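So, here come the structures, one by one.
The same chain A turns up in both complexes below, where it pairs with chain B and then with chain C.
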Partner chain A sequence: MQYVTLKKERFDDFISRLAQDKKVVAPVAQDNNAYAFEPVTSGRQIAKDYIPTILPPKKYFMPQYETLATFNIGNGQQMEPVVEYERMILFGVRTCDLAGIQCLNMVFSERPKDHNYLVRKSKIIIIGYECNDYCDEYASCRLVHNHTPNGGYDLFFTDLGDKFIVHINTQAGDEIIEKTKLFEEANEKDLKALEALREKKRKIFANEVPVVHENIPQVFEKSYNSNIWEDLGKKCLSCGNCTNVCPTCYCFDVIDEPNLDLKTGKRYRRWDSCQSETFAKVAGGESFREERAARQRHRYYRKFKYPVDKFARLFCTGCGRCSRTCMAKINLKETVTALVAEQGLTDKKAGKE
Partner chain B sequence: MAKPKVAFFDFACCEGCQLQVANMGEMLLDVLGAIDVVEFREVMSEIGPDKIDVAIVEGSITDHHAVERIKKIRERASILIAYGACACIGGVNGMKNNFKLDDIRKEVYGKDYKYFDSVETRAVHQVVKVDYKVNGCPVYIPEFVKVLKAALAGLPYEVPDYSVCVECKLNENVCMYDRGLTCLGPVTKAGCNSWCINNNNICYGCRGMVSNPNENGAKDVIAKYNIPMDLVVNKMNMYNKCREIDQREQPKKKH
Partner chain C sequence: MTLKRVILKDSEYEIKRARILRTKQMTETEKYFEIQLPGGESLDHEPGQFVEVSLLGIGEAPISISSSPTKRGSFELVVRDVGKFTGQGGRLTGALHKLEAGDEVGIRGPFGKGFPVRILEGNDLLFVAAGLGVVPLRSLINYVIDNRRDFGKVTILLGCRTPQNMLFADEVNEWNKRLDVNLNCTVDKADPEWKGNVGLITSLIPGVTLEPERTFGVVVGPPIMYKFVIKELLKKQIPERQILLSLERHMKCGLGKCGHCQINDVYCCQDGPVFSYDKTKNFPEAV
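Here is the complex of A and B:
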């Protein structure tokens, strides 16, 4: 039994039953068409049509501030590692954000493994949620092939009108189905409806940048000295919004902070950003990426070039958050379109059915 | 080991930042456990000894008398902490520098203005050496505690030189620009945990500007949001007018 269905009138019940057992977090509407993952106890609190949340779910996998160790220098140098975690269920994770979590998993599973991340991750159950249409004009999920699910979830919900069809991907997901007792086995008609929806999506999600998917790494291989980076540098305010909201930006700074007794204290990490001037500054005051243009280029290369070389995977998930949040209107789709054109790789038919 | 002797002093200010110390709540007990407060006009009558370990100075320097007094405090103290926007960046008192000094004196003191001394408003570091800064109007108490710990431990404290937006995003606030409001967060130094925006207010720039703002880029953004330039300049000058003294006396090497 891989697929089950849930009648919509049972959805509220479903979330309430989940919340009795564990903390459930899901997208909740803020003001000005903004959304954020927050704890919920009923389905009614969850936003219906939501664009990607201000911060991606990475905040639960690598929190903004996370204690790594405590120390005591009162008698020699003692240090105790700390692993903080919380059991929870993430509901309503879009396919772009599922891809983001998959990218983080790859990064933090590399040796030396990041145990703080991996322990935390092992306590989180993920329930994905399909986009039947574009969230808004900033998304570029078709470009990076994230408009349909590619795994990375325990359960995956797709809206079929009067009911959800749910894909069960793991044992943890199966246990939720068994325990909540609200689901029915999917019939032939439900599966056909899902197939028809995916077929329809192929027409809705057109390639957002006119380039053949496989040519993206080639574009970036040749664009290192492009003048386009200078243009971005002139616009950029270095506020770091683009990296903080990115589902795959994982850079952090580690800080030791003493308590008032000046003997005990803690070591914690905090999100850092390659866009801030201090990020690449080293002893003596030298900075490896002094200019904003170089910092913006670095951000793009960290999505489209370096991870392709290292993990054979694009680290842009197409969620559109960086463009959506940028006050200076630096737009990822426009930047990549311009780079593609500069390399003569524009293909208006690419990715179109 | 004797606890470090700490004294509080104030110059041109509202004394609100010192009041924040009294507002600390339970943390105040921890702080008082770590230091020996020897002088603090707002809460005690005693006058401290000639030599003190840490001087915490609120307020900006606005007349000759203040210049002499801050120099004496500097001589008495091993460590001097500029405390609050007035001390760190001149703060609202800097607005005086928008006008001719005599015009201001006439406005305030009337025909006898010559009897009342006044000088261009300066931040404390523009008169004497400052070892640590606790920015803000008022100071953000968690940051004050951080700075105090750094000072007592002899460690440096780096005021974040990136914008308030960084902490604001970490707090997942809805952007004030998306709400149609003009916020100085993008050009203001972080360290306050975006305190005002967390509480539905805009950033007024009370922590001083980041050291290398993209001024042309900021102008473009301001134009895109149809914000009049003079409104932004006035907003900046509310706290940051004394920045001009830094620019005048310590010309930047690059950018």
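Here is the complex of A and C:
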């Protein structure tokens, strides 16, 4: 384990130096207590205290619009597959979003591999950032064990008051430390302070849903025919906000866009949503998830059940974005709490040390 | 520090430029295509698999392979003009219907898990196809006929709306003439010349004599049909794992990623489209 520290007065310099030879993106404050990952050139642009950004950093790994191929049909079906990428450093990725990127990595590395994703991923350096306290009441990171770092970064920053303590996780991370020349070796006191902070966090981050973590898959195994899905279906507007902002939703559509010459053009993919009525429709007109209740259930099962069976991992990162953005006030914490209660698995002491 | 775009050599989205060798308008809404890959390369598919067919600038859609892998050098598809048939959508299939011999289409695949031919060997086969179901099922029927000695008793039950809608009528006629194939057809609506049965496909099943332990029921048809046919096959005591279904979903990417074809936790494009009933009965979203 390698730790260094950065004095806060040097933070601005750090970001400026990074931005000299690479694009740096970090959370920047928007209107209405909202934040977004945007390019920055100085530390002063970066939000100090921010709730999860409107869109998760998945937008850099799997852009909303991405060209898969260019084509020219002037002389038959001629296409050239392409990948679009940008070298960049992502600064300020919270532990929930680090987990989200890890989920996407699993999905797109699974055979048949998605080389567009994998190429892009290899060009991005990730600098994580610890949450010392809850962002807001929507988060459920403790429930899914994402309130502390579980890897997935090159460097990881933790705020210790007058300085940051930084965990160096990879060679790429170490090269940044060497190149920027602003860091000092962490001393015994710094490491103690980090330990104390993590200890304090164990008290701050309490289980947001009263259930034993290991029982979550069991709850979903039994809840398929629950009436709670009907309740959600009655509220849901099928707008797809929840899937757009989810760090682990990756469904997409593939679309052709001819240029005005009607010969050349591109084939691209764009985010799609299982919440739209036409998502599971086939050519004959049958729709396999016609009801909103079934589509909401599908969304929850793609977070709490199916990936557990396939990847041995929950795909809910606890970021709270789906609840924060829902116009119909469908709340993930409330939904899971209700499902847990229905299965008689409520445990008020769960997750409390 | 800008967005770079480079050629991706190992992209799963790369298409092969395939040439149409022959077409035939089979019905008002169904058209047949014989297609050859560049240099006569083999498609190397299993019966029951599908390909993604592209017309650049218009789009791409999953289409069942209708020919048996025993037919070499080219493969066959049957495409329904969706816009004409349902009155909505179907831009790609409409454009495909305008193509003739000599034109090019883009091909990706084959994709998915087809019929488990090795497991079927030595067993009796009961094929049940309704509507367009005969198109993918034909890849297996012709495979079985070309390797006839390796299989037991073969029974084919076909159903379609009217005698005019019958696909591959000449070939069905050939199957019917064979002494090693039992064939029975039914139509929803007959015309004066029709000598076969009238009624739903399910009405043909009770009349079939079979040995359930050594029979595989292979079912392909419109989504609505499955639960009724499965019920009849179960009544015949065919074991659940010996009932094979090919399920229709929108297999957009074919790579188990885009999510459109997902049935509970399986991707129809990678884990299917062929499933045995003992599996699908545990997927509430399957049939």
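Observations on the model:
Simple rule for what comes next: the second predicted complex is superposed on the first by the 352 of 353 C-alpha atoms of A that agree within 3 Å, B and C clash if a C-alpha of one lies under 4 Å from a C-alpha of the other, contacts with A are read in each partner's own complex, and residues count from 1 in each chain.
Simple rule for what comes next: contacts are C-beta pairs under 8 Å (C-beta built on N, C-alpha and C of every residue); 3 or more make two chains touch, one makes a residue touch a chain.
Please read all numbers here as calculations on a predicted model, not as lab measurements.
In the superposed pair of complexes, A:Cys319 makes contact with neither chain B nor chain C.
In the superposition on chain A, contact is made by A:Leu262 with both chain B and chain C.
Contacts of A:Cys131 after superposition: neither chain B nor chain C is touched. Of the two partner chains, chain B is the only one touched by A:Ala36; chain C is not. More residues of chain A are touched by C (comparison of chain B with chain C). By the touch criterion defined above, A:Cys246 lies against neither chain B nor chain C after alignment on the C-alpha atoms of chain A.
In the superposition on chain A, contact is made by A:Gly285 with chain C only, not with chain B. Chain A residues 258, 262 lie at the interface with chain B in one structure and with chain C in the other. On chain A, the positions that touch chain C within their shared complex are 22-23, 67-69, 71, 73, 76-87, 107-108, 110, 112-116, 119, 224, 250-256, 258, 262, 265, 267, 269, 272, 274, 279-286, 288-289, 294, 298, 301, 305-306, 309-310. Put simply, chain B touches chain A in their complex at residues 30-31, 33-34, 145-146, 148-149, 152-153, 155, 160-163, 165-166, 169-170, 172-175, 177-179, 185-187, 210, 212-214, 216-218, 220-221, 224. Those residues of chain A that touch chain B in the complex are listed here as 30-32, 34, 36, 54-55, 59, 64-65, 234-241, 244-245, 257-262, 270-271, 273, 276-278, 292, 325, 327-329. Considering their complex, residues 1-15, 17-18, 54-61, 80, 82, 85-86, 88-90, 93, 104-106, 222-224, 248-250, 252-253, 255-265, 284-285 of chain C touch chain A.
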